[in-house]
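After this come two complexes, each holding subunit A, first together with subunit B and then together with subunit C.
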Partner chain A sequence: MARPAERGRRGNGLFVLACLLPALVLFVVFMIVPTVNVFRMSFYTWSGFSPDMRFVGLENFTRLLDDEQFVRAFQNTVALLVVVTVVTMGMALFLAAIMTRQKLRGRSLYRFILYVPSVLSVVVIAAVFSALYDQENGLINGTLQALSLDGLRQIWLGDQQLVLWSVAIAMVWQSLGYYMVLYMSGMSSIPESLYEASALDGASAGRQFFAITLPLIWQNLRTTLTFFVMSAVNLSFVLVRAMTGGGPDGSSEVLLSYMYKQAYTNSSYGYGMAIGVVIFAFSFLVSLLVSRATRREPLQF
Partner chain B sequence: MTKTLRAGRALTYVLVTAIALAIAVPVGWVLLASMKQKGEFYGSPWTLPEGLHLQNYVDAFVTARMGQYFFTSVLVTVLGLVFVIAVSVPAAYVIARYEFRGRGLVEVALLAGLFVNVNYIVVPIFLMLVGWDRALVDVFPGGFFIDNPGVLSLVYAATSIPFTIYLLAAYFRSIPADYEEAAALDGASRFQVMTRVMLPMARPALTTVILFNFLAYWNDFIIALTLLPGEGKTLQVGLLNLMTAQKAAADYGRLYAGMVIVIVPVLIFYAFIQRRLIEGMASGGVKG
Partner chain C sequence: MRRSLILASAVTALGLLTACGADGGGSDAGSSKTTLSVAALEGGYGRDMYTQVIQAYEAKHPDVDVQLQISKSIEDEITPNMKAGRFPDVVVLGQGRKAALTETLIKDKALEDLTPVLQAKVPGEDRTVGDKLIDGIVGNLNTNPYGDGKTYTMPMYYAPTGLFYNKGLFDKKGWKVPATWDELFALGETAKKDGISLFTYPTAGYLDSYFFALLADVGGEQFYTDVMTYKQNVWQTPQARQALDLTTKLLKYAAPTTVGYANEQDFTKNQQSILDNKTLFMPNGTWIVGEMKDAPRADGFAWGLTPLPAVTAGGKRYITTSVESVWVPSGAKNKDAAKEFVAYLYSDEAAKIFAKSNAVQPIQGIASSLTEENAAFYQVYEDASVTALVGGFASTAPVEGVDIKATLFDTANSIISGDKTEDQWQAALNDASEKLRQAGS
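Now for the complex of A and B:
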């Protein structure tokens, strides 16, 4: 096969360069340089708008350890990650299996509806959930009152014990359909004959799920889990930013929202970027752990 | 056996329907509530609006300036798409088809870029642009880089380059080289081979990246919030402002109307492209 590269080397370099350069310039200026800057700035104290930038080494990081608000934001992030991942993935796998195996009537309508939150913006989702959770006129409290269940009414976003769960529900609501559709496309390529054979052996639907479906989409699941960690860290931030502002009293603060606060509200850019480095390291580590923990021999069908 | 099977099936329907309702009801409720008058927000949330109170929409569009923000959103989204396609198609093409020094490095860097989310780097981007503005204060006394929709779309384009190139390059690799060779024999230049032969063949991949990037740009809120701090806002940032203002004033009609203005165009768009969107996901458009 004569590759285009062998057609005449003269001038190829120029053509390649002309094609690559615009993309590379944009990529380097707006992604690589800022990424490097996150790490660089974490060693400085800097209020942003003054030229006074002082190198402090690891001081920002040691300060983090004694920062109760940071520790709390870290705990909240981990709690949200664990709960939201387990619930979303579990439900998405279950629903996807039902939808592909049982040939439900109206399947495409269900799929259409369940995917809707994935096309909505996080601000819209925050706005919808603020309306649902509204203390006086919200859909949830209003419904409880209409059903004479006044005792169950809650201040969903104003209660320190509840607010994180309220955010978690919104996160599951947002991502469930996306992962369901993703798993559905993986599951629909599993040959029907495998299920027929196991049905003849008397395997129940539940047993088929664990013995056939799950092992065969395992690689798919691994990849999505790695991505899910990062997208959940981001989603929690944007939701918290728009819905609770981290409140009440820091009880729904997550890592990225705390970084944002330190940078813009507190003008401690260096300190904020140290938090950024911690988030980088944390999500990278979690992704690595997930990838290690879920390693299996790839199966084929 | 058949009895339990039927019971199981019924249970499945109940379950799936319940979940679908949990998604549809809040959205539908917002649509309904957007037509309520101020007094109707007290009492049960399940009451239907007494009439089609469209004044909320007028208020949201004009007074809350959602109409103006709408056009800012359209502008930055379209510009962002133009930028990202213009720079990514040639880059993806040469990465897929040409041997050159440093190709491995470029590929690894782009792959690593897939894992850098813009939420982590928005602060340094902001400070960098502020710095540029300060350096050029003699040329542009009012500032140029901050509060510039064009710069915002450039940042959108830049941050989606890794994903876009990744997807396009994979597709270009799957197209047989025979087409290019035939075109080259007919005397087409390298540039013509790329734009006249390969680009039209890559339409499915191009559609996928446009759809996913469209949703990402249109729905973005953190970058727009940071880079457009002035009067000109995007729809998402405008909605956030509306949320804060209307809650403080306990006046919900305008807020619900604002939400509908943001939701409905995306829903219409989604209704039209859902098949392609889902195919795109299956073909590797996985994006966190």
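Now for the complex of A and C:
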């Protein structure tokens, strides 16, 4: 009696497999194979074209430790990740809370304005910020001058201590709106009754945010956080390439841009792949850390 | 029903896979026509001249079908195919590009020996290619990268690079173009009083032409070659120190906006400061005229080009000559047809078409076919005290994390902003040079 049902299930399994097959094949060919290749290539010295490939074991990795430029790129990446993540997430949460909880006039207009940067191409953003940061007639220095704050005028993209933060601001501007909208949708599904009850108990807006809103969208926050850290690694690369080219003198180099330079400009393909492995491990580790650090019992309403 | 679905998805998957795998290699097995694939960089000279030259070639060689691939970032387009073993037959692309494709292939010994092309007769003419070329344009590290007497890259266009300035401003102020470094610094002081800076660069990478000439000016051709071939401790010599001293002093006169604009996005703003009479000199090449042709400029503006000032009065001066090249990858399919095509590029017929777009080939007597403004630039070679300098750093096996050009040029940004000292610069150069020397031997 069990047989027909079993047969039916097996048939189902085949059908599911067939449906998954194209995606699976593509995933293996374009994700798994190249990733394994990156790991394999990191043990070789190879320029990328010649048949002349030499196995060097872990030499590429030991070299990395002595490479000042790599260390600086690593530091820059970590600094960007920490600052940009904290600022973007903090501001996105704050803005989302205001927009859902406070009855703001023209709320959808604000939402629209804040969301626009997420649809712009990064090259456009780089161009916008290059214009903003222009040391002579850019908006920022121009405003400072108009306010007679000439002393605060900066060479935003030419100062080695400032350039990384200039890039960071562009990154925050780009991603803020997207995450704000995500959190807004999470927050708007929280039942109004919770807020009403807490308001009757005399809770302030700030108290409500930390006692109700934040715990209830915690799962939402966790997922986006991991996602954001990963996309920030990529975004920093594209922005740095378009805005500063890693300069002046390597001061805004990030891991991916340094990897690109080594693999494609310095003909050290194997070395570039070793940097790729480090990025892979680093991203993996960060995701793990984020997910560990934010683990909590999910709250429900 | 189910089975057909499975079949359908399997077919889809297969289709996707084969679509990625199948891409014509360009060989027409069926017809007798040779397909010659030519890849070229679309530089300041535009793309029309290539289509015209190819048309003229095809008219004479009906059995050859030339397929042109041309783009402003040609490296990005041909590299993936080359990695998969599909090489273009002829590539027109110089050294010193950011992607460094030519350099990479040189490092890999992946170029075809083109010495036979020099001995071959130009198609339809009596003279050989070698006879037509101007003296000294082949046989240097640029064309013969391994120093073994074999030519691997053929010089295609050549152009002087040096310090560009506004002739109009000098005439108006009655200033003389400085012939020595002392005069240059004196002019820097004078200009400062008028609120004009002495020096700027578009990006630090443009210092290549500046540094190569300076090294030769300071220590002569042998010293220049020593530096380019990473002779041991060459950066600790007094000549190297003098070159860095002069540069450090010059960078003190740099326009305050230089570093902030010295990136891919804003470099034209540094170039604009010459047109606006805010800065006197910048290192650049003759392409600057075309690049800035639509930019606003000061009244009476006229481009001028001068070699670097001499280190000692009356001393020899070198002018770095940028040579773009054409080469054939070892992996090319139609090498013979490729070589014949390269030889044709030096024919009078082709040269005339190129010259119309201001692409000047190193062919004897070419100057007569140039426009007036362009001809003025090429006059620097007629000064008896000025010698052309071709080439750059010798290629070695790649050294992970070491890019001596970046160390030499990009550090200028840090010198201007005060983030690094001249001593640190010298030490970093010495270190990079030593690592490359060991990789080269």
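We adopt the following convention: the second predicted complex is superposed on the first by the 275 of 301 C-alpha atoms of A that agree within 3 Å, B and C clash if a C-alpha of one lies under 4 Å from a C-alpha of the other, contacts with A are read in each partner's own complex, and residues count from 1 in each chain.
Everything below uses one rule, namely that contacts are C-beta pairs under 8 Å (C-beta built on N, C-alpha and C of every residue); 3 or more make two chains touch, one makes a residue touch a chain.
From a predicted model like this one, the values you see are computed outputs, not experimental measurements.
*Asks:* Would subunit B and subunit C fit next to each other on subunit A once aligned, or clash?
*Replies:* Aligned on subunit A, subunit C clashes with subunit B.
*Asks:* Looking at subunit A, does subunit B or subunit C touch a larger number of its residues?
*Replies:* For subunit A, the partner with the higher number of touched residues is B.
*Asks:* For A:Ser267, decide between first (touching subunit B), second (touching subunit C), both and neither.
*Replies:* Only subunit C; A:Ser267 stays clear of subunit B.
*Asks:* Tell me which partner A:Ala242 touches in the superposition: subunit B (first), subunit C (second), both or neither.
*Replies:* A:Ala242 contacts both subunit B and subunit C.
*Asks:* If we overlay the two complexes on their shared chain A, which of subunit B and subunit C does A:Gln75 touch? Say first, second, both or neither.
*Replies:* neither
*Asks:* May I ask you to decide whether A:Gly276 touches subunit B, subunit C, both, or neither, giving the answer as first, second, both or neither?
*Replies:* In the superposition, A:Gly276 contacts subunit B only.
*Asks:* Of the two partner chains, subunit B (first) and subunit C (second), which one does A:Thr62 touch, if any: first, second, both, or neither?
*Replies:* neither
*Asks:* Touching A:Trp156 in the superposition: subunit B (first), subunit C (second), both, neither?
*Replies:* The second partner, subunit C, only.
*Asks:* Just to be sure I read the superposition right, which of the two partners does A:Val29 touch: subunit B = first, subunit C = second, or both, or neither?
*Replies:* In the superposed model, A:Val29 contacts both subunit B and subunit C.
*Asks:* Identify which of the listed stretches of subunit B (127-135, 199-207 or 253-261) has C-alpha atoms clashing with subunit C after the superposition.
*Replies:* 127-135
*Asks:* If you lay the two complexes on top of each other, which residues of subunit A touch subunit B in one and subunit C in the other?
*Replies:* The answer is residues 15, 18-19, 22, 26, 29, 48-49, 126-127, 130, 136, 241-242, 264 of subunit A.
*Asks:* Quick check: in the complex, which residue numbers of subunit C touch subunit A?
*Replies:* 2, 5-6, 9-10, 12-13, 16-17, 20, 79, 82-83, 98-100, 103-105, 107-110, 203-204, 256-266, 269, 398-403, 406, 410-411, 413-414, 417, 419-420
*Asks:* Name, in rising order, each residue of subunit B that touches subunit A in their complex.
*Replies:* Touch list, subunit B to subunit A: 8-9, 12-13, 15-17, 19-20, 22-27, 29-30, 33, 41-42, 44-46, 83, 86-88, 90-91, 93-95, 97-100, 106, 109-110, 113, 115-117, 119-121, 123-125, 127-128, 130, 154-155, 157-159, 161-162, 165, 177, 180-181, 184, 190-191, 193-194, 215, 218-222, 236-237, 239-240, 243, 247, 252, 255-256, 259, 262-263, 266-267, 269-271, 274, 277-278, 281-282, 286-288.
*Asks:* Hey, which residues of subunit A end up touching subunit C in the complex?
*Replies:* So the residues of subunit A in touch with subunit C come to 11, 14-15, 18-19, 21-22, 25-26, 29, 45, 47-50, 52, 60, 63-64, 67, 69-70, 126-127, 130, 134-136, 155-160, 241-245, 247-251, 261-262, 264-268, 270-271.
*Asks:* Give every residue of subunit A touching subunit B within the complex, in rising order.
*Replies:* Residues 1-5, 7, 12-13, 15-16, 18-20, 22-24, 26-27, 29-35, 37-38, 41, 48-49, 91, 95, 98-99, 102, 104, 109-117, 119-124, 126-132, 136-139, 142-143, 145-146, 173, 176-177, 181-182, 185, 205, 223-224, 227-228, 230-231, 234, 237-238, 241-242, 256, 259-260, 263-264, 269, 272-273, 276, 279-280, 284 of subunit A touch subunit B in their complex.
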